[in-house]
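Below is one structure, written out as C-alpha cells, with a few remarks after it.
Per-chain numbering from 1; labels A, B, C and D assigned in written order.
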Amino acid sequence: MALSEGLFWAIFVTLLKIAVVLGIVLLHAAYTVYAERKIIGRMQARLGPMEVGPYGLLQPIADLVKLLFKEDIIPQEAHKVIFQMAPLLVLVFAITNLSVIPFHPSFSIADVNLGVLVILAFAGLGTYGIILAGYSSGSKYSLLGGLRSAAQILSYEIPLGLSLAGVILYAESFRLQDIVASQANSLFGMNVIPQILGFIVFLICAFAETNRAPFDLPEAESELVAGYITEYSGFRMGIFFLGEYISMYVMALLISLCYFGGWTLPIWLTTLLPFIKVIPPTLILILKVYFFIFLFIWVRATFPRYRFDQLMSISWKVLIPLALLNFLWIAFLKWRMLT
Amino acid sequence: MRKDLKYLIFKDLIGGLLITLKTFFRKPVTVQYPREKVTLFPSFRGRHALVRDPETGEARCVACLKCVQVCPSRCIEVKFEVDQETGARKMLAYNLEALRCIYCGYCEEVCPVGAIVLTEWFEYSSRDRSGLIFNKERLLKNWDEFVERFPEKVYTNKFWNLKGVPEVLKPAPKREGIMVKVRE
Amino acid sequence: MIERAIALLILTGLFFIFTLLAFFFRHLVYQFLCILVLMVLQGVLYLYLNAEFLGAIQVIVYAGAVLIMFLFTLFLFPEEELKHLKIDLKNLKYSSFLPVALFIFLLLSVLVKGIPESYQPRNIYFDLKEISNLLFNEYWLAIFLLAFILSFPMVALYVFFKREEKSGSS
Amino acid sequence: MEVLKVLASEYPFYVISGLLIFLGIGIFILKKNLLVAILALEVVFNGINLLFVTASHYLGDPKGKMIVLLTLAVAAGSFAIGLILVVNYYRLKRSLSMEELKLLGEKDEE
C-alpha cells in the first residue's frame, strides 16, 4: 500500500508547478488592476494612481490591505451559505482553467487531451458564481445583474464554441499543444490569417464571457448600482475582481494559443527576419498575452456599453451565422488540402 | 450599401480606438495639487479682502453701499454712521458671508474707491460656518496675508475695474486699474 | 486498481450525500444546487468509463447550458412559490416501495457474492474519429432525424414569442 | 480486498445510475410542483444515460456512448419546451401545483 517514490515525486512536481503558475498569475492579476487604472487614466489624459510608492507602483498592495481589513457585511435578506460560496465559485473555476493551458512546449500542469473543451466547460460553470451571487444577495439590482449574466453567457457560449470548432477542425485535435504545432507547420503560420472571421467572433465573445466592457451588463454601474456585487464588501468583493482578471488572462492566453500561434512564430516572418529566432518561446507567448490584455483595457477605455437587446441580437443574428460561415470555410479549406 | 461596407470593416470602432491611442501618448493634463500648483491669472476671483490704506492703516471703504445694492446673492452687510457736521459717512462694520458669495466680482467692479476686492487666494477653508463669515477685521487680515505674497511695492490689477466704461467717466481711484500701495 | 476503487468509493459516497440532500431540501434553489453538483460529478464519472468527450459535453451542455436555463426560469417566479416545498406522502402506496427494495436487494447480492474471477475491466479508448465515422456513416439517418426534431424547439420559441408580442401590442 | 475489487468494476456506476433514477422518480411523485417535476425528469434522464455509458464500457461497444451523445441534444430541446409550458401555465393559473392540472384544453364556457 505504500506510495511509490515515483508517485511522490510526481505529486511534488505537480504541486511545485501549481505554486509557480498560481504565484505568477496572481501577481499579474494584481498588477493588471494597476495597469488598467494607469492606461485608462492616460487614455483620458489623466495620470492614474501616483500616491503610493514611486509612480503609484505599490497601489495593488495598498488595495489588498484595504480590502482585507474592511468589514465583511452579509445582508439580513441573504441566503447565507450561497452568499458566502458564490465568490469562491467564480475564483475556483477561473483558476482551474489555468491547469490545462500550456505555457511552454514542455510546461503545463495537466496535459489533457480535451484542453479546449475543459476550458469551455469551466468557463460555463464559472457563471454560476455570478448568478448565485445575484440571487442570494436578496436585492433587486443584484438579481437583475445575475439574470443578465445568465442570458448573456447562454447566448455567447454558442458562437464561442462554434468559432473554436474551426480551430479544432483545422488542427484535428482538442489538445492545445497540437493546435499550436499545427499552426507552426501550416502555410500561414497563424490561424488568424485563414480564419479572420472566426477570430473576430471569438474576440467579441471573449469580451462577453469575461463580463468586460463593452459587454459588462451584469455590473452596469449606470443602471444597476453595481449589478451582482452590489451587496458584497471587503474581501469577497476582492475575490470577484480577482476572478474576473484571471479569466481575462485565460481568455488572452486562449486567443494567443488558438489564433496567434502561441509560442511559435510564422515561417514567413522567421525567413524574413532570421534574428528573431533567438527570442525564447515563453517570451513570445507572454508578449502576445500582454498585447491582448492591453486590448481588453483599450476597448474598455474606448467604447460605451451596449444595450441589452443589442447584446442579444449581436449574438444571435450576427455572431452565430458568422461563426457557422467560418466553420464552412475551414471545412472547405481542409477538404481542398486533403484531396 | 456603402454603410454596410463601413460596418464590415469596423470603420467607426477602429476610429474610436485610434483616438484613445492618440490620447494615450499625449501629456496628461493633471496637476498634482499640493506639490505643484496651477498658475493663477490676475483675473482670478478668490478670497475677499478689504484693501488696507497704508497711510491710515484703515479700510478705504466710504460706506456708499453700492456693493450692497449690486450683490446678486445679498451677502454683504454694511453698518455705518453719518457725521452730523460734515455729512461724511463712516463705516462701522462690514460683514461678508463667503458661503453665499457666487464670486461674480460685481462688488469690486462697482466700488468707487477700490476698497473691496476678490484676491487671487484660493486655499481657504473652515471647519464651521462662522469661520467663513468674514467681518471687517478678518477682511483686513485677508488683505495682509495676500500682499505678503507680493514683495513689490505697488500692486496693480486692471481687472478690479469697471468694464465698458470710458476712463474719463470713472472715479479717480479706479483709473488705469487699481494702484495699491503696499506699506513701506 | 486500488486508486480507482478509492476514487469510485469517494464518488459514490458524494452521490449518496447529495442525493439525500436533494431529496430533503425544501427550498427549490438549494435542491437545484444539489442536482447541479450531481450532474458535474456525473461528468467526472464519465472519465472513469473512458468517455472523456462525453464528460466534457455533459458539463458543457448540462451544467453549463440546460441548468443555467432552468435557474433563469426559477428567477422568473416569485420567491413564495419556491419556498416550503413539502413532501406529500398522501398518495404514496406501500407497493411503491417494492422496486426500491428490489434495487437494494440486487445491490447487496452483488456485494456479498462478489464478481467472478474471470472479470477484467476493459480499457477501450473513446476514439473521436471512430465515433465520428460511426455517426456519419451508420447513423446518418438518426442525425438527420435529430436535426429535424431539434428544429421544433426553435420554431416553438419563435411562435410563442411572436404571439406574445402580438397580444402585448393589441 | 474483495470489496475493493467490486468497487473497481462497473458496480458503483450501476449503483449511482439506480440512485439517480430513483431520486428523480421519488421527487416527481412526492413533491407536487411542476418545476420540480421537470428537474426530476432530467435527473432520471441522466441516470439512464449513465446506464447506457456503463453498459457500453462493459460490452466494449461505442454505440452506447453514441446514443447518449444523440439523446443529449434532444433532451436540451425538450427541456426548453417543458420550461416554456410551465411558464405559460403559471401565467394562466397563478399556481405551480400539479393537482390543479386537470384540463387538457380550454374550459368550455357554459
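Note that contacts are C-beta pairs under 8 Å (C-beta built on N, C-alpha and C of every residue); 3 or more make two chains touch, one makes a residue touch a chain.
Here the structure is a predicted model, which means the values were calculated and not measured.
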Quiz prompt | Highest-count interface - the chain pair sharing the most C-beta contacts | solution = C-D
Practice problem: Could you pull out the chain whose C-alpha mean position is farthest off from that of subunit A? | Solution: B
Self-check item: Rounded Å distance, subunit C centre to subunit D centre (Cα mean)
Solution: 7
Quiz item: Between subunit A and subunit D, what is the gap in Å from one C-alpha centre to the other?
Solution: 34
Quiz prompt | Geometric centre distance via CA averages, subunit C-subunit B, whole Å | solution = 76
Quiz item: Just how far, in Å, is the C-alpha centre of subunit C from the one of subunit A?
Solution: 28
Quiz item: Linking chains that touch, what shape results: line, ring, star, complete or other?
Solution: line
Self-check item: Touch relationships between chains, expressed as pairs
Solution: A-B, A-C, C-D
Practice problem: Using the touch rule from the top, collect the residues of subunit A that touch subunit C in their complex. | Solution: 1, 79, 82, 113-114, 117-118, 120-121, 124-125, 127-128, 131-132, 135, 143, 146-147, 150-151, 153-154, 157, 161
Quiz item: Can you list the residues on subunit B that touch subunit A in the complex?
Solution: 13, 16-17, 19-21, 23-24, 26-30, 32
Quiz item: Touching subunit B in the complex: which residues of subunit A?
Solution: 39, 41-47, 50, 298-299, 301-303
Exercise. Would you pull the subunit C residues touching subunit D in the complex into a rising list?
Key: 1-2, 4-5, 8-9, 11-12, 15-16, 19, 22-23, 28, 31-32, 35, 38-39, 42, 45-46, 48-51, 54, 57-58, 61-62, 65-66, 69-70, 73-74, 76-77, 81-82, 85-89, 91-92, 96, 99-100, 103, 107, 110-111, 114-115, 119, 121-122, 124, 126-127, 130-131, 134-135, 139, 142-143, 146, 149-150, 152-153, 156-157, 160
Self-check item: subunit C residues touching subunit A - in the complex, by the definition given at the top
Solution: 2, 29, 33, 36, 40, 43, 52-53, 56-57, 59-60, 63-65, 68-69, 71-72, 75
